[in-house]
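Here chain A shows up in two complexes: once beside chain B, once beside chain C.
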Partner chain A sequence: GPCRVSMSMTEIRSGFTAIKANIQARDPIRTLSILSYPHSLHKVKSSDRCCIAHHLSNFYVDKVFKHCKTEDSYVNRKISSIANSFLSVKRTLAQCHEQNKCMCGQESTEKFKQILANYEGLDVTSAAIKSLGELDILLDWMEKST
Partner chain B sequence: IVPFSFSFSGELYCSLPNPRNVHFESINMKNVLHWSAPEGTGDGVLYKVKYSVYGVGKWIRKPECRNINRTWCDLSIETSDYEEQYYASVKAFLDGMCSDWMETTRFNPLTDTKIGPPALSVSSTEKSISIILTAPEKWKGSPEGESMSLLQVYPGLQYNVSVLNKKTKKRWFFSISNNTLVVPWLEPGTAYCVSAQIYVTTPLLHSGFSEEHCIATLKDK
Partner chain C sequence: DALLPAPQNISILSTNMKHFLTWSPVIIHGETVRYSVEFQGEYEREYANESWIPICECSLITATVCNITEDVSATVAYKLRVRADVGARRSEWGTLKGFFNRITTSLTPPPMKVIADGYQLLVDLEDMGPAFQFYVLYWKKGQESRMQQKVVEEVRSMVHLDTMEAGPEYCVKAQTYVEVINRSSSFSQTQCVRAQGGTSMWLV
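And then the complex of A and B:
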């Protein structure tokens, strides 16, 4: 869309790949997905993608990374480097939003409300770890959308 | 020695050692579940398999992999939607005893598959070689099924091409996004060998190099 985010997907991908098994193993709940329930991100209309990406970058920075402390310093370092990459995304998309280039339709608002409801349905730590474990779902969707 | 125990209610008592190393092996999204037999058990162990879509509540049994004695089960059809992620699980049975269900890690077909090398078609003139590359197809359930190139799955797919002058042993590497390459300014009447690999930047995936295709440039007229 009008707001292209020069985000180092490769860096985030490799950071996440390094800790994916560790993080996902900490999430025992198979029956619920934060991002994909009840509908996959891939079902979002193209016109709503920018707004969803904007909301999700805020969501990960404000509600996920800060609640994902583990006892493993290697994992913690990877999480903070991923978080830093997301900060630049958050800033870029925030500017787009302010310049009205990142319109939020009703569908994206509904979709993001559902994501928040899925998140708030769990305790904070479980919800944050599950969201982090679903980062590849977000990355797959963002790459497909670019 | 395998522990033998049986509860009074006639219910199977799951004290059999567990299947080990339960994992998906995936090539071009042909997704096959593999495992190793429980430790210390000889022949006669049978298995059953179930799978689930991440985020969806229920486990689904795989009838074709019920009471099997092999240690693999093809779940390609069940995991063909690469926008979803999956878990699979295996249980072992022997002499009235059973093991626990043993699960895979979360399987993401898009990032966890291995990509096969591209197919090559090579032709030559006096001073150039033309190479046409074809990415493998995503696995499909039947020959009549709709074909889908991995190029559609991974829009950022690129090719790394290697060209070797068999006489001088000089080698060139090219990285291209489209599927054709013409290598100019070559020596007439000389043998060149070409091989190629697929490279996806994100998610980070790459195939092995294909077999070499050797061809000679035409002789000077």
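And then the complex of A and C:
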């Protein structure tokens, strides 16, 4: 059967909305995108969506959130809330992957390689802040994909 | 200066997805004791060097309770701790025994009011927050086997259930459902009403 991910999208979205302006203001390079360059997530085939979601939840948990600590306690608390919610999603998708419900095709592998290349093209903090600032792109895509 | 004792009897009160950390006061005669609270989610333990995050609304407060709902907003295991301050003196951290996961919150049956507005069967539900949906069951008394269900995702106003016939009683009960923890409350008390036979005005 399909991979079922219980995700408190409303909570994650409200947490992100509360800090979006603050985070995006810390990203000076607005012309570059981590998630959408060169192609939008929306171009990913439906059969590859689960794999991309799996890769991206790992990406945010393993690479992004930890490098987004700010001097603002309120922002840090919201990032913690989002990160802990993503941790649940990451676990569920990992189980699906192990149960072969989340197969990775050529396209999703290439797409994720491109995202990593975009990320590694910047210094860690800038890349992490930019990725966090693009979280609504990911949330929109995940919501549309369900 | 004797070391300030750490707060004791640290516990969680969690009802209907509202979570509060409480502790016993540290008594120092003639002094005002202030408390500060921090939390640590599973993410912080596994990916952020076991870091702790302060809750600024509960920094140097005199109360012995802190609303942690906004911060415990993922369904993972959280650690919580509190310490005391008196002037320049500071206690060790008192840490909640074990973890708190919001999946353990206690869900109470929803307050509800059933209304017969003429022949219309209505139910008035209380808004319990964005995390809550309601399952409302209604049936004609004596015909429990033909029970009907209405799912109410968002409480804005009175909910219309059915148009009643004159005569029989109609009964209603409701429970809450919280998707993010995938749990339901028990059902509320059943309430039954009968259509209010209105006088129809015929204009000739």
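Here is the rule we use: the second predicted complex is superposed on the first by the 145 of 146 C-alpha atoms of A that agree within 3 Å, B and C clash if a C-alpha of one lies under 4 Å from a C-alpha of the other, contacts with A are read in each partner's own complex, and residues count from 1 in each chain.
Note that a contact is a pair of C-beta atoms (placed from the backbone, for glycine too) under 8 Å apart; a residue touches a chain by one contact, two chains touch by 3 or more.
Because the structure is a prediction, the values reported are computed rather than measured.
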| item | value |
| --- | --- |
| Partner chain(s) touched by A:T10 [first = chain B, second = chain C, both, neither] | both |
| Chain B versus chain C as contact partner of A:V61, first or second or both or neither | second |
| Which of chain B and chain C A:T70 touches, first, second, both or neither | neither |
| Chain B versus chain C as contact partner of A:S80, first or second or both or neither | second |
| First (chain B), second (chain C), both or neither touched by A:Q114 | neither |
| Partner chain(s) touched by A:S88 [first = chain B, second = chain C, both, neither] | second |
| Touching partner for A:G133 - first (chain B), second (chain C), both, neither | first |
| Touching partner for A:N22 - first (chain B), second (chain C), both, neither | neither |
| Overlap of the chain B and chain C footprints on chain A, listed as residue numbers | 10 |
| Chain B to chain A touching residues, read off their complex | 52, 54-57, 83-85, 87, 105-106, 108, 110-111, 155-156, 201-204 |
| Of chain A, residues touching chain C in the complex | 6, 8, 10-11, 15, 61-62, 65-66, 73-74, 76-77, 80-81, 83-88 |
| Contacting residues of chain A [partner chain B, same complex] | 9-10, 13-14, 17, 21, 24-25, 30-33, 36-37, 40, 42, 133, 136-137, 139-140, 143-144 |
| Residue ranges of chain C in contact with chain A within the complex | 39, 41-44, 46-48, 53-56, 70-71, 73-76, 78, 130-131, 179-180, 182 |
